[in-house]
Amino acid sequence: MLVNQFLVLGAVLFSIGVYGVLARRNGVLVLMSIELILNAVNINLVALGALQGASGAVTGQVFALFVITIAAAEVGVGLAIVLLIYRNRASVDLDEVDLMKG
Amino acid sequence: MAAQNLVFAVLAVVAVLAALRVVTTRNVVHAALYLVAVLGSVGALYVLLAAEFLAAVQVLIYIGAIVVLFLFGIMLTRPTLGRESGLDNDQRWLAGITGLFLFGVLSYVLVEAFGDERLPRLEGLDREALTAERGTGAVGDAIFSTYLVPFEVVSVLLLAALVGAIVLARRE
Amino acid sequence: MESLDDSALSLAVFVPLVVAAAMLLVPRENETAHKLMALGATLATFAVGMLILARFDYGASDQLQFRVDAPWIDVINSRYLLGVDGISLPLLVLSMFVCVLVVVYSWNHFPEPHNPKAFLILILVLETGMNGTFVAQDLILFFVFFEVVLLPMYFMIGVWGGEQRQYAAIKFFLFTLFGSALMILSFLALYFSGGQTFSIQELVAVAADNIPRSTQLIIFGGLFMGFAIKVPMFPFHTWLPDAHTQAPTQGSVILAAILLKLGTYGFIRIAIPILPEAAMAWAPVIGGLAVVGIIYGALGCLAQSDMKRLIAFSSVAHMGFVMLGIATLTDFGINAAVFGMVAHGLITGMLFFVAGSVKDRFHTLELSRLGGLLLQAPRMGWILGFCAMASLGLPGLAGFWGEFPAILAAYSPAEGLSEALFRTYMVIAALGTVLAAGYLLWMLQRAAFGTPKPEFAEAPIADMHWPEYVAWVPMLVLILVLGIFPGLLFGLTDGAVGNALSSFGAGG
Amino acid sequence: MLENAWVIPTLTFVSFWLILFFGKRLPGHGAEIGIGALGLAFVLSCVAVVQWVDRPATEVVPHGTSEEVHGEEEEEHGAAGGQRGEDRQVVATAVETGGHGEETPIRSAVERNVTWFTIGDVEVTAGTAVDGLTVVMLFTVTLISLLVHVFSTNYMHGDVRFTYFFAALSLFTTGMLLLVVSSSTLQALFGWELMGLCSFMLIGHWWEKAENSNAAMKAFLTTRTGDVGLLVGIVTLFFAAGQTFDIALINERALTGAIGHTALVVGAVGLFIGVIGKSAQFPLHTWLPDAMAGPTPVSALIHAATMVVAGVYLVARLYGVFWEAFDIGAGGVNPIAVVGGITVLIAAALAFVQDDIKKVLAYSTVSQLGYMVMALGVGAWTAGIFHLFTHAFFKGLLFLGAGSVSHAVHSFDMKADMGGLRKYMPTTFVTFLIGSVALAGLFPLAGFWSKDEILVGAAENGYPVFELVGIVGAFLTAAYMTRCVYLTFFGEYRGHAHPHESPRPITIPLMVLAVFSVGAGLLNAPGVEKFFEITENRVFLLAGVEHHSFEVFPAVVSTVVVLAAIAFAYLLFFERRLPRGLTRRNALARSGYTLLTNKYYLDHLYTGVIVGSVKGAIARAAYWFNQKVIDGVVNAVGIAARRSGDWTYRHIDQAVVDGAVNGAGFGAEGFGGILRTIQTGRVQQYAALLFGAATVLALGLIIFV
């Protein structure tokens, strides 16, 4: 199997994730798209790890694990924030959240 | 050899289509379910790359915990059931263009860099050597030896995120 | 006593900072505690100064004494180098002396909004910055202290200033920052071309010969910008009148007495010894700007209606004389410059003190509304007269020894400088003294002589009270003593100046 | 006393501080400290004079022009102590000026220096150098100052700042004494400027009124303008004479040709500009008449006897420099003499048209100063100094007399408030008369001897033009003094106060000065030559300055001229005010009148043309010229400076320089505004920008790297 197969797949998922983050209005959907991006990264990690032979594979997997845990933490906090936005504005539409306007 | 490529192709197609649906569907719950599909196919890919522990964790944590969390999130923010209008904002086309442009650049770079490198063949090794070498045991050893400090840091991070989430979402 | 020797300078620099930190803990209400701590800090520093003065080996006033050499930032090979010699000692002692008097003066003279805690802390931080600049022998250390001085002065003008204090404070800050940005570039250029070191002593030894002349000129240009803005020299002076008119009295006194000297000190300590060829090339330009500064400052004074702004422009003129002294690159010139710095510090410091007291009593410094000060507050009137006389360079008072040797030096500058050009500078500078007499006496006539305007005729104007006496008498005595016995200071600075000019080998 | 002459200036300096701090509390409000100090100083000066007179004349100086004298001193071969003449052997040193070459042993100056400070390798010294000239000046200054102190105790009685006045007087005397004894030009500059300060304080004594402080400022600024030249002169001579301020050394080097000619000329011109400013010579004299705004004792002390002659003293002290620079020995014309001459004439003319008694005396002082400067200019060194010496007495007497008169009638205006005061104030009248006659230069009195010597000196040294100027000056002086005396003391009393003789503290100084005005002249009378002997010093011997003792013919000429002047002035008043002239029964006038009538037809054209024109057009023109042009120029410079100050401040400073600075500030703000539109606050747009930029960067990286 070509390593590029996995890397290109990762790139596709990554691009779709980016599209999702930029285009989606709903806070939760944006978080989901972030999950997509993180998965793309994981694929790359594991694939390149595998390419390096045994020790590389282990490193790849360990890092993928760390990414997953961080993703979990991130989703936890992200959703808490989205919940707060919802509670203050009764909607999760990100377009309205522009308090930081210059 | 061909079987692996075939399995990969199937999984890749499923993952890509599901991902596309996640970002384009009008129904938030559907998006979550499509996410499950993507995560499942990625987990399968890990198995293909001989990273079973990771596949297990992927399925267990990602699909089991994170997507469920999303569902809770969706439930709590009570969107209108069924199809929602206008989930995308006005800069959809700009996002699309950036996505494609990004994909173009990434793929060009990857093809340029890793042209035809092949993954090492695994069939030769027997099962025990494989698991001892890169299986769950090896990963476990690695975590608690060379990567002990990052492991502790990540645990602290999780704790902090936990406390943070609680504080944020607390109802006065 | 040996241990005391090498820690003396560090004490001199950091005692005010330590006490300032301690004052942070004391609550704002009990002001007397703050005043006592501030006074204690300045007096302690002054005591250290006196100790240094006592133990200073006057014979070897050209070598650096009380040397401190400790590792500081190793990666860029910048060391915690301190040392004091004939040139920096008088300025160091002057800075300590003025700070003590300023704290005494502000015993019950705190400007609006009334916050003695913050005000005194800022004064102490200022003192640390000033003392540090005068003793730093490492370019980076010098730069750090050079910038430390900026912040407290910005707040002093910005918070306690007059009506347009924001504009003046920001202008002061940006102007000096712009200068020091160019200065740090030159320091870096020196670092890289001068053999990877920031120590001034090593740079003096090594830099002169292995930096090609063209780069020397550019580096000197950067240093010139940094120091000229601080002096201030002619085209970069517009921040000074604004800063002075808006600053509170104490701020103006410190600004005039010490901060202006950082620029000229920088020229003498850093720019000239390290880059002699460039100094030689730049000297006519500096001389020209200095002389224009003298005339321009005088004309500026003639056009003023506000007393403080007039005094500010007069210090532009005075620093013109100091810079003319430096531009001649001769023994006379640099000695005159150092003496001029000390004398100007004392005299203009006094003028601002008096202006501050007049503002406290009359709440205005508009010369058209003032008048008859000699009738209402005779002692203060006479002190204003005394300082005006000292400021216009009357022989017998300190001001004269700042100007006369500079004119003397301008007659025959170092070899390589065109004598005709410097002699024209000399004549113009001599004319400057007449203009100085003109605007100062004109100010004195309008403020002190004549009868008080009806507006203040019956206002209860109190003559001087004790904080003013205690703050002013030492300065007046010093102005008189230095005027009659200039040898006190020339003896001290002469050796060090010879050393600084050794790279020229110029007689002059 | 010669060695520690520095005691005298310190004495008055200490008295200044004592009066300043303790004056108010003393019963006499500080006056007694001042008088005590000055009395002591006067006594010390007398001791110095006596010590100097019987100082053995040991130093031998070869008499001749500077070129061929090689400069280092001859060793003293045992000339007989004391007597100067008998054993002088004639050394045939050929001298172009035709002077008889001979080795004249003189008294050497007593110099005592201490190092003041060192810069580089130059050690600047300060100290005292006492020689004949110094001793004479010490004596004059302390005497006049003492008398003025006594005079002011009564004159200034009840003044609001009595103590301050005496403090300023002491400080002023310190300044003058410091100048007189100083051995270095830099130290002299100290005394010079200290006097400038005190004259500022004293002229502006009653500074409540604006015109007083204006006058004070004008005096200070004009002298200060002169001082620019002085500064340049001192600096030039410092470097030219091999980095030394020492006067004796500078003179020595100037005379032995060690200083380049151009440097010498620049130095001399610089110094002379300072002298013009200080001694109120032609272009810068406008401040002296205005300085009469100060109290009269001040005018007497400062603007008659001491400060204004400081300039003349400086020229005399540094005579070697001037002698070489302007080549005085060669006769013809030189700047000093020209300026002196012009000042003599225009000042004398101006004195005619003044109504204020002090203004008349002020212009007469300017004119007499012109005389002294002209004397020095024509090479008559001793005559100039002698005139300075005598002038101090009779001009001090005249000013104090004017003070006494004004004290009685409370005004200075001769025409309006005076006249016929001889009946009410006999002593003041007699002393004032003696003073004016001495000033005019009639036979037995001081003015005659000194003025005559100047005329002789001018004639002998090849300056005939200036001799004529001297004679015309004498004529005019006599004329306006007669007018002044006439208007003040003769005729009927026009004022409405009831004048009475001034009390004793005022009249005593008048009498003392009167005695000196009479006796001082005899000091250098033909047989005596004492003054010349005292003031003989190295400089003018080295330079080959010729001293010409008294000659009868010029003396007769000047006496006739002065008598004619008095007669004409008297005749003039008589003629115009016919009735009043007749009623005056006065012996002197009648005899002058009869003398004139029989020469009347011969001189009618002369009086009509010269006296008429001088009194009429030229005087008024001079006055107009003086007030409008010179004062105009001075004021114009002030206003121009003010206006150019305004213009430069408003346009260059605010608009251009500040504009650029503020411009930078506003520019930054504007650009900031543009950038603000990108901050929409919507997170996703930021993300879009982020990713877009990242990809563009990546692309760039790929293509170029």
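Note that the chains take the letters A, B, C and D in the order they are written out, and that residue 1 is the start of every chain.
Everything that follows uses one rule, which is that contacts are C-beta pairs under 8 Å (C-beta built on N, C-alpha and C of every residue); 3 or more make two chains touch, one makes a residue touch a chain.
All values reported here derive from a predicted model rather than from experimental measurement.
Pairs C-D and A-D differ in how many C-beta pairs touch across them, and the larger number is found at C-D. For the pair subunit C and subunit D, the distance between mean C-alpha positions equals 39 Å.
Centre to centre, using the average C-alpha position, subunit A and subunit C are separated by 60 Å.
As a whole-number value, the distance joining the C-alpha centres of subunit B and subunit C reads 67 Å. Our note on geometry: subunit A versus subunit D, Cα centroid distance of 97 Å, whole angstroms. Residues of subunit B found to touch two or more other chains are 89, 91, 94-95, 98, 102. Shared interface positions of subunit D, defined as residues touching 2 or more other chains, are 684, 688, 691. Pairwise, the chains that touch each other are A-B, A-D, B-D, C-D. If you check the complex, the residues on subunit C that touch subunit D are 170-171, 174-175, 235, 238-239, 296, 298-304, 330-332, 335, 372, 374-375, 389, 394-396, 400, 404-405, 407-408, 411-412, 426-427, 430-431, 433-435, 437-438, 441-442, 445, 449-451, 485-487, 490-491, 494, 497-498, 507-508.
Interface residues of subunit D facing subunit B in the complex, by the touch rule stated above, are 684-685, 688, 691-692, 694-695, 698-699, 702. Only residues 1, 4-5, 8, 12, 15-16, 19-20, 22-23, 28, 31-32, 35, 38-39, 42, 45-46, 48-51, 53-54, 57-58, 61-62, 65-66, 69-70, 72-74, 76-77, 79, 84, 86-92, 94-96, 98-100, 102-103, 106-107, 110-111, 114-120, 133-134, 138-139, 142-143, 147, 150, 154, 157-158, 160-162, 164-166, 168-169 of subunit B touch subunit A when the two sit together in their complex.
Within the complex, the subunit A residues that touch subunit D are 18, 21-22, 30, 94-95, 97-102. Touching subunit A in their complex are the following residues of subunit D: 676-684, 687-688, 691.
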